[in-house]
Amino acid sequence: MIQSFGWQSVQFLFHGLIWTVGLSVCTFVCGGIFGLIFALARALGPRWLQLIVAGYIQLVQATPLLILIFLAFYGLSFAGFYFPPLAAAAISLSIYATAFLADIWRGCIEAIPRTQWEAADALALSRIQRLRYVILPQAFRIALGPTVGFMVQIVKNTSVTALIGFVELTRAGQLLNNMTFQPFHVFLTVAAFYFAVCYPLSWWSEKLKERKSAGPAH
Amino acid sequence: MPALRIENLKKSYGTVPVLKGINLAVENGDVVAVIGRSGSGKSTMLRCINGLEPFQEGSIVVAGHRLDQSRANLRDLRKEVGMVFQSYNLFPHLSVAENIMLAPRVVKGLPRDQRELLVRDVLSRVGLAEKASAYPDELSGGQQQRVAIARSLAMKPKVMLFDEVTSALDPELTGEVLKTIAELAEAGMTMVLVTHEMGFARRVATRTVFMHEGKIWEEGPSAQIFAHPATPELRSFIATDLK
Amino acid sequence: MAYEMNFTPVFARTPELISGTIDTIVLSGQSIVIGLTIGLAVSILRVDGPKWAAAASAGYVEAFRNTPLLVQLFLLFFGLPYIGIRLSADHAAILAISLNLGAYSAEIFRAGLLAIPKTQIEAGLALGLSRLQVMRYVVIIPALRVIYPALTGQLTLTLLGTSIASAISATELTLAGAKIESQTFRSLETFLVLAAIYISITFAFRLLYWIVGLWLFRRSVPKTGSAVATLSLPREAET
């Protein structure tokens, strides 16, 4: 059925946007939890664990996200586990986000000077206490900007799940395009929706980074 | 014709006047020391002379090049007016020899064999002949500043400008840089130096200019300026320095 | 439930995998060259250009950094014909990926340009160098050295991003793999092989960047071993 691009189309796309945001939040939460665990393991774990986590990060960061998504969707479902698109999308995006967040946060933890550990040690804090009260709060401050920056990547990368048929914003755009044959309007609107979500995040990320580089004195 | 003539030079940052009508003439072979408190406009004046700072009124003629608000022909002027900075500003990715050869090569198109002779010549004049292949961060501050002087000399400038070239140096390193400058002065180089080194100004400069509140407050032969300051501002400036 | 892996049908299609690999490398290489050129030009305009050019550059950078590559591909491939510009899938892919990299690298280059102290530029000008000569001889190498890890990290993301071009059927490795998958029904095996190939290409490119880095910065004193550090993963490659 051919319809023309109008208010209804925008509503349809907005529906897709809600799924995009939902999938992004889900990815950020799962990726954040595992990312933190992996970051700690990579920065502070025993050597063998550090190597395993480093290997995981290296491999995931050298694989296209689309291939990760295909592996989760087609690969594992043919191997006997059937994942609906939503689950395949969430799992593969989380695997991807875990690797990148772990890498970003490890960098932040390692950026805290050794002298801070030593100072905390001199105060007789336990290893956990040193992390909890001295290292992580400082690392958190440094990490905020890059982390918000990575949220933009997550939001944008949820679009790739359109290619396994998960109906988020981009897939909604494809469907709408098939109905209206007005690709220019459709995809420009889709792009505008993404921009509306991503630009504020990018702006916030830059602000956080500026604050960091300006230092606590200001 | 003087090597440098500044007429009614006026410059302001927004509404804040920095230079309020400067008139100055420097003859060939003159060594002019410019002294004054920070904020008196002395560095700004120097930076105007080779066009690093635009100005609103007046004109500057230096080494035969006229500089006004249009800022045309800046490059021709800079080929003949050398400048040495407080923070040396050597190029960190180039060796000493490459720092020196860069401008002769890309600005004047000097062939390779002549460039090598040139490097040897200017480095020996600053006493660093053996450092040609070193990199800036392998040198002390004093050595870096002497290389910066050599780099400037390599363009065979008619006038050299020195902008507080010893201010960033440890006291024990200023001596070697001042000695290099003194040797240039003896060799007849026309120079304008903004400096805090009063003793050096008195000894080496043929003339001294005292700047105050964006104006040339007092000028004359160095011996006279330091021995018989005419204005209370200069008297108090010299007195504070002696303390 | 046991699943028996069987790679034989996939390996039987080795010629297609090889040509797909070459296509991906070519697509990446072309996009990198064009994208970096765009990025350099845009960054210079943004730092040193007239006001309107700086504003236009900023608009371009923000537009492309805040929308997905896939949507950019769709817009160029499906949308441009609407205003009379028809591109083949391959050309649309090169254009979209180049423009995308152009926006990201412009930001990286800009950071590099801003990292060079103003006094270095003044020193170059004072020696009589033109602005272009100052850029070429004084600014580029030190700036490149500062941003090299971030830049090569971005190039890796660009390389991996080419797989998305399969969505408009541009010729590259993922498209070749999808065809093999649909004909052999060996999905897991096909995509594992694709992953392995992509990982190999990525590491090969990183090795290349490392060698290029050694050559580019050969004249600077090796101080912190930063050239070696680029082999490990870039932090914050996305920014």
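By letter and in written order, the chains are A, B and C; residue numbering begins at 1 in each of them.
Assume a contact is a pair of C-beta atoms (placed from the backbone, for glycine too) under 8 Å apart; a residue touches a chain by one contact, two chains touch by 3 or more.
Just so it is clear, the structure is predicted and the values come from calculations on it, not from any experiment.
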Common touching chains of chain C and chain B
none
Chain separated most widely from chain A, comparing mean CA positions
B
Busiest interface, counting C-beta pairs, is A-C
What chain lies closest to the overall centre, CA atoms only?
C
How many Å are there between the centre of chain B and the centre of chain C, using C-alpha atoms for each centre?
46
Between chain A and chain B, what's the gap in Å when you average each chain's C-alpha atoms?
55
Averaged-CA centre spacing for the pair chain C and chain A, given as whole angstrom
20
Multi-chain contacts in chain A: which residues touch at least two other chains?
none
Sites on chain C touched by chain B in the complex
117, 119-120, 122-130, 133, 137-138, 141-142, 145, 217, 219-221, 223
Which bits of chain C are touching chain A when the two form their complex?
1, 3, 62-63, 65-72, 74-75, 78-83, 156, 160-164, 166-167, 174, 178, 181, 185-188, 191-192, 194-195, 198-199, 202-203, 233, 235-236, 238-239
Spell out the residues on chain A that touch chain C in their complex, using ranges where they run on.
57-59, 61-68, 70-71, 74-80, 100, 103-104, 107, 146, 149-150, 152-153, 156-157, 159-160, 162-163, 170, 173-174, 177, 182-184, 187-188, 190-191, 194-195, 198-199, 202, 205, 209
Tell me, which parts of chain B touch chain C in their complex?
50-52, 74-75, 78-79, 82-83, 85, 87, 89-95, 98, 102-103, 106-107, 135, 137-138, 148, 151-152, 155
